[in-house]
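Everything below concerns the one structure shown next.
For clarity, chains are labelled A, B, C, D and E in written order, and residue numbers in each chain start from 1.
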Amino acid sequence: MSKYIGKRVVAGIFTIIIAFTLNFIIINLAPGDPIKTLMGKETDDQQLRAALEKKYGLDKPLPVQYVNYLKTAMKGDLGTSIIYNKPVSKMIAEKLPATILLVLTAGILSLIIGTTMGIVAARKEGTIIDTIFSGFSYILNSMPSFWLGLMLIIIFSSKLKILPTYGMTNPRASLTGKAYVMDVIKHMILPVGTLILVEIPAYFRIAKSSVLQVTNEDFILTLKAAGMDEKKMFNKYIFKNAILPTITIFGISMAYLITGVALIEIVFAWPGTGRLVLTAINQRDYPTLMGMYLIMSISIAIVMIIVDIVYAMLDPRIRY
Amino acid sequence: MKNNSYIKVDNVSKWYPVKTGFGLKKEEKQYVKAVDGVSLEIEKGEILGVIGESGCGKSTLGRILVRLEEPTAGDVYIDNISSSKLIKQDAKSFRRLVQIIFQNPYDSFTPRDTIEKILTRPLNIHSIGNSAEERRKICLEALEFGGLHPAEDIMQRYPHELSGGQLQRISILRAMSVNPKFIIADEPVSMLDVSVRADIINMLLQLSREKDASIIFISHDIALTRYISNRVAVMYLGRIVEYGDSDEIIKNPQHPYTQALISNCASIDPDELVEKINIEGEPSTPINPGPGCYFAPRCPKRVEECLRKYPDTCDVGNGHLVACSRLG
Amino acid sequence: MTNVKKGFNRFKHAFLDSRQLRFGIYGTILLLFIVIFAPLIAPENPYNFGPDILNGLGENGHLLGTNKMGQDIFSMLIYGTRTSLKVALISALISGLLGILIGGAAGYFGGKVDQVVSEIINIFMMLPTFFLILLIIALFGNTLPNVMIVIGITTWPSNAKLMRAQALSLRERTFVKAAVAMGETDRQILFKYIIPNGIFPVIANTTMGMSNAILTEASLSFLGLGDPNAISWGHMIYEGKPYITSAWWITTFAGLAIVLTVTIFYLLGDGINYTLNPKHINQRGE
Amino acid sequence: MEPILDLKDFSVTYINKYKKVYAVKNVDFEIYKGDSLGIVGESGSGKSTLAMGVLRLLPEDGAQISGTANFSGVDLTKLSEEEMKKIRWKELSVIFQKSMNSLSPVHKIGTHIEDIYRIHKPNATKEEIKDRFFYLLDLVNLSNRVYNLYPHELSGGMLQRVSIAISLIHDPKLLIMDEATTALDVVTQGQILDEISRMEEELDMTRIMITHDMSVVATSCNKVAIVYAGELMELGYVKNVLKNPLHPYTKGLVSSFPSLKGDREKIKSISGFLPDLSKRVKGCIFAPRCSNAIDICYNKKPEKIKMEDGRTICCHLYGGENK
Amino acid sequence: GNESNNESENKATEGNIEGEKVIVVRATGDPMTFNPDSIPDDYAYPIVQNIFNRLVKLDASKQIIPDLATEWEVSEDGKTVTFHLRDDAKWHDGEKVTSEDVKYTFDTIKENENYYMSSRLGIVNSIETPDDYTVVFNMNESDVSFIADLGWYGTFILPKHVFDNGQSWEENPASKEPIGSGPFKFKEFNQGESITLVANPDYHEGAPKLDKIIYSIIPDDTTAVEALLNGDIDVYEGIPAASVDELEASDYIRLVLNEYPSPMRIIFNLNEEILQDINVRRAIATAIDREEISQKVFNGIQKPEYNMYPSIMEWATNSEQTAPKFNIEEAIKILEDAGYKKDKDGYYVRGLTIDVFEDGGYPDAAKLMEATLAKAGIELIVQVHEFNAWNEKVTIQRDFMIELQGGFMGPDPAALYKRLGTGEYSNVGNYSNKKFDELCTKGVATGVQEERAKYYKEAQAILAEDLPYIPIVTYAAYDANNDKFINLPIDGEGKWGWSEYTFTDIK
């Protein structure tokens, strides 16, 4: 096992380096650069442009830039944001907690809700409940997330006036302690809710199909013949067998969502990394982008390994 | 034993590395010794039966013989040419020379093709027949030969629309269609009903007689093996423990394992019942067996020596070979 | 021609047997009908910017109202079928094809090939999609086919993963071993045995991916990819966003169209899967 | 003596949207305490269906049972699911066809045992369960370490033995073994059959043994029932039926077994294959494959005839005028 | 109705320290820096106006009004500009604001090429500080528009005693926690969330009425509209045209139209052969239905613009000689007169492309142009880009035929030269007309407004003749605020600065 993990880690590092290089090339070759943002929309002063390019080393050939960046990155330094003149690692560190809070809460809840729905639909296959749940999941699957988010805002904030419209905290109040926590929770409800709705179809589908598959396995018949009641059989035997595939989905969506929640973060003005990336994209803030994509690459690589390990822990048949 | 047999299996082994457990500590590398130093010889037109308990490596041996699997050690010679060389030089003609019939007829055909497509494939691959029309005719004839009527109708069906017996027959016909000289039949009847398996057996017999093909017949049904084969090899945990003329082996088994095997083999004639020889202990696993005789831990007749060293093979007369310390 | 007849009977039986397939086929026919006869069905030319701005349902004879540009929503919806369906189908096809080929090869060959392909899949997941798209525009120009290609090449990894898993289990199946013993080449085994037998989960996944393709098409056109004049459902949804409260009909009906289309394809895929599954053709025991 | 299980006119029909499959048709037989009945037939002849029908484990909306199945005086076909649950495993136990897959791959053997044991004895302690299970493991010749292993860590033969041990955990009165030994090699098979016979004596158990291997029946059963396409063809004592088969189908079966040590006679097969069970047949169901069929066989269902040696046979060749 | 009004009022005070007056203003994104002179930062601009002062500033109608400089005079030859500073201004740390600070600020900008105003300050020869409250700019050439530029981006006066410590402005911690002289002091910045300013009680114009300004960052427009309606924010500047009707219907939201001299316009690339023909340009200008664009794309808020210099700059705009009015027949006639022939598809001119970026309704406007131009037999193909990609294509590579853009043409008509003068870097269409250049040079050489107006109107007449670009619609947007506030920046024409909350109060 340890050898296997070692091998995977080495492969992962290689992958990350390749992805990192490709990212660098793609990001830099794509049209646009951070200078435009620095110069402002209103001016096209070539003198200013040249001065800024020089200042940030963007006038050098790409390979030189790459080597320079690699040198600092090797030291564990993600560089300094061109736009905000702030260490990239610091900016990411500031934003990551908000996103992780959002993503983890929503991830866990949608895992639970989506999987539960899938399980229920599988157990009642062919009934009205199955049809309703499946239909619901089709609809959610086809719905743009921003639309869902805005709908929730309109319903719960504008019409019912029971939840705040945007943000992570109430800007007017400077709350501390328990009140602060409550405030954050209140602000989380809508974005988390939207994310949950967006994520449900994936979990629903995988849960439903794997429960259906496990239910047809021969060992279920044994348990049934032994007189075990449905509930116990389900909770203990079907569940543990059927839950395995959802772990992969969960892991990957966690890794992806670090940048993938951008649209939802924008709609709800949630101060997280998704928005950081989107802003950095608009401003072509190369160091921030490289940093974020590197973080994402690393988390994807780690998640892949963790998923395999968890799998091996839950499924005794898998050995490395 | 003659030295210039048509097929010569020379000290073939297949060891699978065992995936180690979920511990983080390093463990010693372990192997499943599925096949462990097997040597056999088969003449043209001869049928060799291979028997042994499940998991003793019969199928693995079969897969090595058709080169679906690379042996860890040893080689197979066909007409004195190494098969590893043969397949490297000209894979196609090797495939034409050696064919296999699998254990499970239900899974031997791709479910999405019709029988016609399935049967014409090998003809296409090996360029047998000049036109699609001709190949079709060859298939029709083969089906008729295999007793599958009406052939026209069967050709249009999908595998799931046929019974196991029919599928197994088609499996044999497919293997035969390229005129192989060496056929491995891996438990070709174990999945079939008694009422149809006689057909299959008789078909194989006909094959060896008419086309002079060498056949290895793998089975754990001893009565059937004796019925079909000229000679029999008994396997235990990847090794051959007894080998000889089939009647000789059945009627006069020497190795304690063979004795137990045959005594346990029930006949349907209630009068023919014999005293069963019981084997104690759990079925052993092929993971790092030894060092002594692999059967020793369960052997009712073991002596001290059995646990120390793997016994050499000795001839008890008439080419009847046995690997047992007590006889050596 | 018993072959044809038998095939037809099989289809007829399956058609009657599977409600999903039936609805899927009706739906597909409906969509095709709309695509072909769009100019006849649509009451107006949706490229015509008429004088009626933001009309509600039924106002001035606009069944589903109009948008701010004075285009008739119902007509846009009808014409939008063309673009959206094209994008959905072709990008799904590309993504499916890439996924099937790459995943299939990885799973079938296993070993080193598999490891390398798996890492390539990971690399693809780590690439910055946005910049990849911009780069493609910069290099190859902004056309609708490029939209489809972009969506295709950014979504294949999930299909590849599915196909890989299928191939991994299929290659252990007896009929694949039999094919090897028969003398089939690796390429033929991949195309004749592995892919046809493992393709269905990929098809199901791809159908679900279609709605994403339809929505992505719109967001890509904001990056300068695609024909800004093409009317598509995704576009209608994005353009209707500022009007969510004041002119809800712009987004809502386009959204419904997507849901409906995806459902149709899902039913179709499911139905075909059900139909071609040997277990269902004939209710045999084994 | 009261039969322990008494089937009268027992039929099972699978019903799905487009067709009915008559899998078991009008089967009658009775088993007495201490009997061991082998049911032999081809694949798809309805053996498993019969067993599942008796156990009431068929899909609820997909199968219809008619006739009666009296088990120690209770008609199983009339019981509710709850009542059935109480009987299953405790009095009427079963070992399934595919024991390889009959345990959950991600749970330890011990977990299965504990859960199954507690179904009927909810308050049992771990020790009590272990004691009982270890006793049974000993019976089937397995070591106690099995308790802490996962199913995939056992070989097929070991799993089969575990299945047997599990099925015996509540000391059932009647044990149904559905092809329980088919997948095993002869040595293991012989061993298990021996254990079973020994246990039968020890535990005073009755057994139904479903198989298509006649030799298994020959060595381990005292009665045999031959079924074909869901119908009972011949039923009687093993020593009579196998030695002197009367029904043409039974004859065919017996002659397709080569002898182990006797002469190498050419073995014969029965041509044709199992009829479509979704169609009702007017005459004898075996007639199309029967080499001795006469006109009446195609037109009239044969009656069940009791013979002097205690066997029941269902064939026109032995009924009425032909007797 | 009333209920919701109470609701929003409750919200506006909920969670506050008793009696504290807070205003929450919507911000679109994070400021890049709080040093207002290094880069022109649209997100920081409205905020720093409340922290810093300039010599002069612009009011809501983009007119120049005094800030730190109470008065200023230009020498006869226009080469010396003298500013007289007010003597009661203090930095937030209590130090006095003096001419030294002014000199330090401009000297530093001039020295650093990468600061926004650096090249503009190229015309300044030297800066003298005769006393603590007088600053004299010695210029290389006369350019009166320079004063107006001092009220625009990148010219805020920075405290010398804070910044002059050897560190560059970028590295200086004061760029993150600014010390200014304005009505509000910087309190805190939570990236991605909000910027908080608190009142500076010692402000030289009197203590602000509000205690706190919170700039709350909401990137999405639709969300911001909802937040305003729900009372979560109080001010939203430049609401989307689509939301005007909805907000107007609310009885506690006040809308005020705010216009900018930044018309939407199409610019011809005069390096393109086909566009060098004035007839083609004129036909295009005649075939664009500005009324339709105004109504459909901008809900009628951005009015059709025909004047070659923004019509809101009343003193300088020429409303006599303008771009042609919409008339399809006329457009066809122009083309036919010029000898263009219809091809089989009915087009006189084919293959024209227009590059637009995805924002502000530009693609929609382009599509409407495409439709009307097609009627006039001119084929126009719309190409939409992401902004940065567009910028690279159009302004850096100059690879376009026609482009659609906006952009500030104030605060002084001198901007006309920057955009269209021969060889100027913002002249992306490469227009060149000696006469026009001459008139513009004259326009900046004098400080007398009537005279300047004459030159610029004449220059516009040339533009109307040459049509190097075509104005389409004015730039205007509604500022929306909760109506319990009074004296918002928008109400301060001629009195206080644009975006400045010094006098804002709760009713």
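Just so we're on the same page, contacts are C-beta pairs under 8 Å (C-beta built on N, C-alpha and C of every residue); 3 or more make two chains touch, one makes a residue touch a chain.
Here's who's who by UniProt: A, C = Peptide/nickel transport system permease protein; B = Peptide/nickel transport system ATP-binding protein; D = Nickel import system ATP-binding protein NikD.
Just so it is clear, the model here is predicted, and its values are computed rather than measured.
Visitor: From chain B, count the fewest steps through touching chains until chain E is reached.
Guide: The fewest steps needed to get from chain B to chain E is 2.
Visitor: Across the interfaces C-E and A-C, which one involves more C-beta pairs in contact?
Guide: A-C
Visitor: Measuring between Cα centroids, which chain is at the maximum distance from chain D?
Guide: It is E.
Visitor: Between chain D and chain E, what distance separates the C-alpha centroids? Give it in angstrom.
Guide: 90
Visitor: Could you please state the distance in Å, as a whole number, between where the Cα atoms of chain A are centred and where those of chain E are centred?
Guide: The mean C-alpha positions of chain A and chain E differ by 38 Å.
Visitor: How many angstrom lie between the CA centroids of chain A and chain D, rounded to a whole number?
Guide: 55
Visitor: Can you work out the whole-Å distance between the CA centroids of chain B and chain D?
Guide: Here chain B and chain D have centroids separated by 30 Å.
Visitor: Note the residues in chain A that touch 2 or more other chains, in rising order.
Guide: In chain A, residues 30-32, 146, 150, 154, 158, 316 touch at least two other chains, as defined above.
Visitor: Counting only residues that touch at least two other chains, what does the list for chain C look like?
Guide: Where chain C meets two or more other chains at a single residue, that happens at 134, 137-138, 241, 244-245, 286.
Visitor: Where in chain D do residues touch two or more of the other chains?
Guide: Touching at least two other chains: 43.
Visitor: Using the touch definition up top, name the residues of chain D that touch chain A in the complex.
Guide: Listed in rising order, the residues of chain D that touch chain A are 55, 57, 85-86, 88-90, 94, 96, 98, 101-107, 115-116, 119-120, 150, 152-153, 163, 166.
Visitor: Residues of chain A touching chain C in their complex?
Guide: That would be residues 11-12, 14-16, 18-19, 22-23, 26-27, 29-32, 135, 138-139, 141-144, 146-147, 150-151, 154, 158, 201, 205, 252, 256, 281, 289, 293, 296-297, 300-301, 304 of chain A.
Visitor: In their shared complex, at which residues does chain B touch chain C?
Guide: Contact set of chain B toward chain C: 63, 66, 68, 91-92, 95-96, 98-100, 102-104, 106-113, 121-122, 125-126, 156, 158-161, 164, 171, 174, 178.
Visitor: Flag every residue of chain E that touches chain C in the complex, lowest number first.
Guide: By the definition above, chain E touches chain C via 221-222, 226, 240, 242-243, 245-246, 292, 295-297, 299, 358, 363-364, 366-368, 370-371, 382-386, 389-390.
Visitor: Residue numbers of chain D touching chain B in their complex, please.
Guide: It is residues 42-43, 141-143, 155-158, 183-191, 194, 212-219, 238-239, 242-243, 252-254, 256-262, 264, 266-270, 273-274 of chain D that touch chain B.
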